[in-house]
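Chains: A, B, C, D, E and F, in written order; residue numbering restarts at 1 for each.
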Amino acid sequence: MSDPDGRLERVLDALVDSYRAPGPLNALETWALPNRRAVIEGFVHLQHLLYLGFFSTRSLGPDTLRLALGEHLLEARERLCAQIGRATAWQDRRRPVEERRGPGWASERVLELLEALPTIRERLLGDVEAAWRADPAAESVEDVVFSYPGVVAITAHRVAHHLYRTGVPMIPRILAEHAHARTGIDIHPGARIGDRFFIDHGTGVVIGATAVIGDDVRIYQGVTLGAHSVRGDVERDRERVVKRHPTLEDRVTVYAGSTILGGDTVVGADSIVGGNVWLTHSVPPGSRITRDHQGERT
Amino acid sequence: MSDPDGRLERVLDALVDSYRAPGPLNALETWALPNRRAVIEGFVHLQHLLYLGFFSTRSLGPDTLRLALGEHLLEARERLCAQIGRATAWQDRRRPVEERRGPGWASERVLELLEALPTIRERLLGDVEAAWRADPAAESVEDVVFSYPGVVAITAHRVAHHLYRTGVPMIPRILAEHAHARTGIDIHPGARIGDRFFIDHGTGVVIGATAVIGDDVRIYQGVTLGAHSVRGDVERDRERVVKRHPTLEDRVTVYAGSTILGGDTVVGADSIVGGNVWLTHSVPPGSRITRDHQGERT
Amino acid sequence: MSDPDGRLERVLDALVDSYRAPGPLNALETWALPNRRAVIEGFVHLQHLLYLGFFSTRSLGPDTLRLALGEHLLEARERLCAQIGRATAWQDRRRPVEERRGPGWASERVLELLEALPTIRERLLGDVEAAWRADPAAESVEDVVFSYPGVVAITAHRVAHHLYRTGVPMIPRILAEHAHARTGIDIHPGARIGDRFFIDHGTGVVIGATAVIGDDVRIYQGVTLGAHSVRGDVERDRERVVKRHPTLEDRVTVYAGSTILGGDTVVGADSIVGGNVWLTHSVPPGSRITRDHQGERT
Amino acid sequence: MSDPDGRLERVLDALVDSYRAPGPLNALETWALPNRRAVIEGFVHLQHLLYLGFFSTRSLGPDTLRLALGEHLLEARERLCAQIGRATAWQDRRRPVEERRGPGWASERVLELLEALPTIRERLLGDVEAAWRADPAAESVEDVVFSYPGVVAITAHRVAHHLYRTGVPMIPRILAEHAHARTGIDIHPGARIGDRFFIDHGTGVVIGATAVIGDDVRIYQGVTLGAHSVRGDVERDRERVVKRHPTLEDRVTVYAGSTILGGDTVVGADSIVGGNVWLTHSVPPGSRITRDHQGERT
Amino acid sequence: MSDPDGRLERVLDALVDSYRAPGPLNALETWALPNRRAVIEGFVHLQHLLYLGFFSTRSLGPDTLRLALGEHLLEARERLCAQIGRATAWQDRRRPVEERRGPGWASERVLELLEALPTIRERLLGDVEAAWRADPAAESVEDVVFSYPGVVAITAHRVAHHLYRTGVPMIPRILAEHAHARTGIDIHPGARIGDRFFIDHGTGVVIGATAVIGDDVRIYQGVTLGAHSVRGDVERDRERVVKRHPTLEDRVTVYAGSTILGGDTVVGADSIVGGNVWLTHSVPPGSRITRDHQGERT
Amino acid sequence: MSDPDGRLERVLDALVDSYRAPGPLNALETWALPNRRAVIEGFVHLQHLLYLGFFSTRSLGPDTLRLALGEHLLEARERLCAQIGRATAWQDRRRPVEERRGPGWASERVLELLEALPTIRERLLGDVEAAWRADPAAESVEDVVFSYPGVVAITAHRVAHHLYRTGVPMIPRILAEHAHARTGIDIHPGARIGDRFFIDHGTGVVIGATAVIGDDVRIYQGVTLGAHSVRGDVERDRERVVKRHPTLEDRVTVYAGSTILGGDTVVGADSIVGGNVWLTHSVPPGSRITRDHQGERT
């Protein structure tokens, strides 16, 4: 293709100029940020470690289990150390050198995560079995592991939340958005979620950063656990000293399309929130909230 | 990277231990489950067979049509036979040997599907034309085939439903979740859907396993055709002797965000359900349900 | 695999037959339509041009900036010229030869787009900063660029809308559906969106073709800016002489799950529409609409 | 990486300048030459057609044979038509428009080649069986097809020679050099080679453009069938009116490292040329030439 | 592309017909033969096990050594077991079922090979150091491992020869031809080669199936260790009861282009064979053979 | 696959043990050596810079030339800087820190190479035209660039030799062996080669490190320019204070299979060395050496 009037060169000049001004989109050193693809690859190796047979394309047996796991352990560690190192270095880039966290810090965070994997596996087993028990549309428990978007989302969340709690920057959010893109389920890495958690269908679910969810909770598509209006003091909220998202106590069920807002809102244990409910205040244990009484205190 | 204290080896030991207990996540023989990627590849070849020109990267003509189709026919068959074989063997693994379905069973199911493709093409043509007629935002009918998530979803569903009806395990759900991940539209393979079906936008649509949908139905984003509370007898529901999801008769339209629940709920022919409606009982043909009268019987 | 009864050959015959009838799915010349993958590749190169450091896997510096941009400029141009050329030729295929737009037309459209990139970058910077200011869950502005689905969606939209306005067929919709598939946010390329636009979470957002959005607007997940019932004169609507979707004036906020319908509906500046609101008429500037008064005029 | 003194930009300027002068390396329109990779891909599909089972990664049976062949037939044709078209257009680029061969010419050449494949298969069968009969190191005839560089070389040659005889430019040489790179066997596409030809080991074999080889000939590594000194009239030789390379009659064997030169040199039928012989004159049928008498007439 | 006269279909018919006759090229069940690519992949994993750091793209340390090796061990084993299993099943296909070697046989062969790797590593270290000591053009011992074709060839040979001795069919030859294609060095897997073997440059080297080579031997490009004329009893030779290729005793050097023929030919220890020598009889230890006396007994 | 007796774990233990001993194959830090694939990729980008149209898969025109070259310039530089940096750091690893060459050294070497590219292009043009003039089998000069192994070899050599002269370790040899593997032509990077150099066929050509070749020289397959017996003082030779390989003056031709040995051997200008000649002493300008007088002084 030709460019007889030199327009393409002028386009290029203009683009180069557009990078001259300071500003977050023009910072060329952003090339040193984490590489999203590498983060996801690291996560895929974690998925192998967590659900080995389900991801294996090769025959497995008890005697080769250790070798098969070892393979993914090394790959996961390599990628996560590198990417957490990049994220940390970026966050520290304006700190005095002596306050920066070195590669040892990233490596330690990764080892801690790897050491937590057996515990995470136990919790994921609880999540999978909860789905199996709750959903008559599931044909087999393998079906659940294989096909349920909720399993992808909670797996990513349990890993992301572990990293988030230890102060790893950026990577937890990348994992959460990876799961969000695949499943339509948006769980902030900061959310605290109990055992045997089940999300059905899931598209449109949003769970905010300071939400707290007990054990044996079930949530359906389109449920929001959100904050009240956020045109407030964003910077202060960013510090997360304020709890802005609701609490669901043990054994709560929230049906599709319902919205529960506010950091002081507590849905008491064993409550059932029907579909399309709008709830902005606490309800005691054992409540049954439907669209008819939804805004009202019972 | 070094591991001076042997922590990585200990991590590995702990992970190996975590696979020792019995349980669905620890069953190493799950490596013999279907391979999701291969299922999707098989589906892509089916998409070529169904919409040849749209997927072709090579010039096509009437005289080479047979060769071009033959190429994908063989590839689709190969992959689907293998993966259906794996799914069937898994399901049969605890049956007595003489009751297990052999590879011939899988092969027969695939041949039946392939034989049904011309009929499926006719129905998909109806779906595409319905979208073109219904959506003023469509610039051309090719645009619809090319870009509409509803077309992806109904294509996957018509294939998945065919397999589901002939008793193929797991694969229909994998296809359905593939479409769900790409489009945000979650149709259970068991749902029975009539001709000229149109879903617009689609994100958040959920159609349950025992839903029944007539001809010329239109559905918008965020619509749920769901079951009532499911904390009941999950095992019995799993057998699907009970119809748990609603019926939409011919020419029903359901606007965005509405929820229709219950196996006995029938929306009569030619009815229109407005947006954000919550409907849990039947309405007669020709009804017009809006948010104002939504819960009430007319 | 064998086929002793020749069933596979008969399947093939039947499939070939199914392509004999005229009809949009059977038009073999559809192989000349744009190639979706190539369109997306072109868009990825545009993303490099717009957010260079964020997409780079290679170290960057001010002195090599021009070379690094030049690389993507050429690749973007090559792909977009080819695909826009294909889309145009398809649209023109039944016009008299002398009325057809040649490859020069496509090339000119691409140059115009490339020339607009610095302006688009400025607007995207505004969008990113708006997200940072609005969302306390954002840890850093880089986080926003990196992980926010809203940024993917608005980037695709600003490019798609530019092409749409200059009359490029099909390609804008392909870009919009690419973003829709990744984010669950469905913005029609025709929608006119002002500066500093922010979408949070985003799954289920639908913005129609004739919607008009002012500056500093914020929208949350599940919001629909839609048309009233569309079982009207589809062909006339297709011409877009009628405005069918609402207008949001400057500084409007619409919380999650709300639906605003109708081309005459104007949400006045500085209004706040609460969550799950259903709004089908205009409201004056400074309104505060909640679920309790949602349908009613205040 | 930085470039503080602008050296990289100056390098680029100098490179651009170096393309300003006319000359064969600077002709930018060379981008329209054939694409080597596409030629090789076309050849790989031909190898599938010729040796189906050996290249298949999928189970095959008599009833699916036609479909399996059809797949490769279409792919081979597509690629070869395109690349032969490019080579022809290049060769014709300075001819008057009315003398140029259009795409129909390329397509006709490819059809002729495809029509010749059954005959080529018969001859390749003869070559394979000759290797099996001649080489005690072969464990099985499958071994020969699978592993023998001579089979790769003669397969490429029989295809390249067919194209060469019908006047296809450039592509035959690309095929020949592909085989040369893989095997070390350099056969000019112009060489005429009889049935049941066997090359053992093969590295360093060179067979010139006007060589003529009878049936049942065997050649070992390092054998040259070359021309005398070529500092003569290159342009005239290029027309190939002159036979410059030797003739081997039926059932000749030439052992490793021997050199036979000259267009008038004829090695009579049933002769054996020992290793490291230097032969520049004809020998009668039944000769036995060894290093001791090599240059001398017997 | 069109095919108005149906020629392509007729080509296909003719090709299908060409597969009807019995014969080694037409045996469709050859799809069950080993997959060359998988064999090579298995070999690449062996190269990692043998030269870990040289092939690693990831940082390595003593504490992660075991995990890094384990990764390749599993991959190598998987591929080799499958491919040796295929080769064995092919060879056994006409034997009575009870005489066929099952998958356990292949697995045992692979384990034996893996158990031999430490020994093979020791011998390869000797080969590498011999090259370093012999070649003044080598800049570093790493250079030798990295770049020397002789190292590729002897690595493949030591693995192939191990498998050959244990009776594995086809695979050794595939490995040998892989090395031949890359290096121009053609060593039959049957050749017995001592320690500290060095091949310089290597192109055109041919070492026959029954050659025997002592320790500390050096060979240069174009050397043949071959058999006398082979128009004899091929079937008997195939059984390898006859030694047809020469013996080089310890510390023999053979310079470029020389040919040594015959199973009874023994080059005595410490002999030097000059370049371009033709030797068909034995020479005592300490001989120095040049072109001038080459054919003559000293 | 199972491993009931733990043999695989024992294999792994043995392999780990085999890496415990010191030695060049066991140095794990070899992972920091250059990556061969990256070196080759860098070379491919250089090939684009040198022969742009021939390697382009995209249309090119004079106005986009600069952008097209810029693309490869940046990629080539990136890869070569990284790999030369690795090679240098390896070579320096035992030097005191203050004597080590930093990344700036590698970067400077790459810039020098890039600055030399226009000159290298001129010389390669001479090489290509020389082939065209010398070889009647060439159909077009594009054919020569496209298909001639000699062009690949001399291109790699001219780049490798440039790097070699500036003291870059390892990389030149990797480039030389890359060309050797593809072409069978083995030119040591140290060889000094004049203008308009032509190698025909090329398999088996070996040109030693201290060979000197004048302008307009032609060489055929199987020619060795080698050293006398090298069982001498390898370490001293390694320093290259001694010229060990011959000199060919301007306009010398050496036909196939000839061997010329020794650092003092000078083939005078305009000489012709026939095929299969063995030459170990100098000959005056204008000599014509054939097999009959080959060893003798004329």
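Here is the rule we go by: a residue touches a chain if its C-beta (ideal position, glycine included) is under 8 Å from a C-beta of that chain, and two chains touch if they have at least 3 such contacts.
All figures in this text were calculated on a predicted structure; none of them were measured in a lab.
Enquirer: Return the chains common to the contact lists of chain E and chain F.
Expert: Chains that touch both chain E and chain F, as defined above, are A, D.
Enquirer: Of the other chains, whose C-alpha centre is the longest way from the centre of chain B?
Expert: Of all chains, F has its centre farthest from that of chain B.
Enquirer: If you fit chain B onto chain F using the CA atoms, what's the rotation angle, as a multiple of 5 degrees?
Expert: A turn of 180 degrees brings the C-alpha atoms of chain B onto chain F.
Enquirer: Between chain D and chain F, two touching copies, which fits better, same or different residues at the interface, with half of the numbers shared as the threshold?
Expert: Shared-number fraction below one half, so different.
Enquirer: Determine which of the two chain pairs, B-E or D-E, is joined by the larger number of C-beta pairs in contact.
Expert: Top pair by contacting C-beta pairs is D-E.
Enquirer: Averaging only over C-alpha atoms, locate the centres of chain A and chain E and give their separation in whole Å.
Expert: 52
Enquirer: Indicate the whole-number Å distance between the mean C-alpha point of chain A and the mean C-alpha point of chain C.
Expert: Those two chain centres are 26 Å apart.
Enquirer: If a residue has to touch 2 or more other chains to count, which residues of chain A qualify?
Expert: 1, 8, 12, 58-59, 61-62, 64, 66-67, 70, 73, 78, 184, 203-204, 222, 257, 276
Enquirer: So, with touch as defined above, which chain pairs make the list?
Expert: A-B, A-C, A-E, A-F, B-C, B-D, B-E, C-D, C-F, D-E, D-F, E-F
Enquirer: Mind pulling up the chain B residues that touch chain D in the complex?
Expert: Against chain D, chain B makes touches at 58-59, 64, 66-68, 70-71, 73-75, 78.
Enquirer: For chain C, which residues count as touching chain A in their complex?
Expert: Residue positions touching the partner: 49-54, 56-62, 65-66, 69-70, 73-74, 77-78, 81, 107, 111, 114-115, 117-118, 121-122, 124-125, 128-129, 133-143, 145-149, 182-184, 201, 203-204, 221-222, 253, 255-257, 272, 275-276, 291-292.
Enquirer: In their complex, what parts of chain D are in touch with chain F?
Expert: It comes out as residues 1, 7-8, 10-12, 14-19, 23-25, 27-36, 90-91, 169-170, 173-174, 176-177, 180-181, 184, 186, 188, 190, 203-204, 206, 208-209, 222, 224, 226, 229-231, 234-238, 240, 244, 257, 259, 261, 276, 278, 295.
Enquirer: Can you tell me which positions in chain F touch chain A when the two form their complex?
Expert: 1-4, 6, 8-9, 12, 59, 61-64, 66-67
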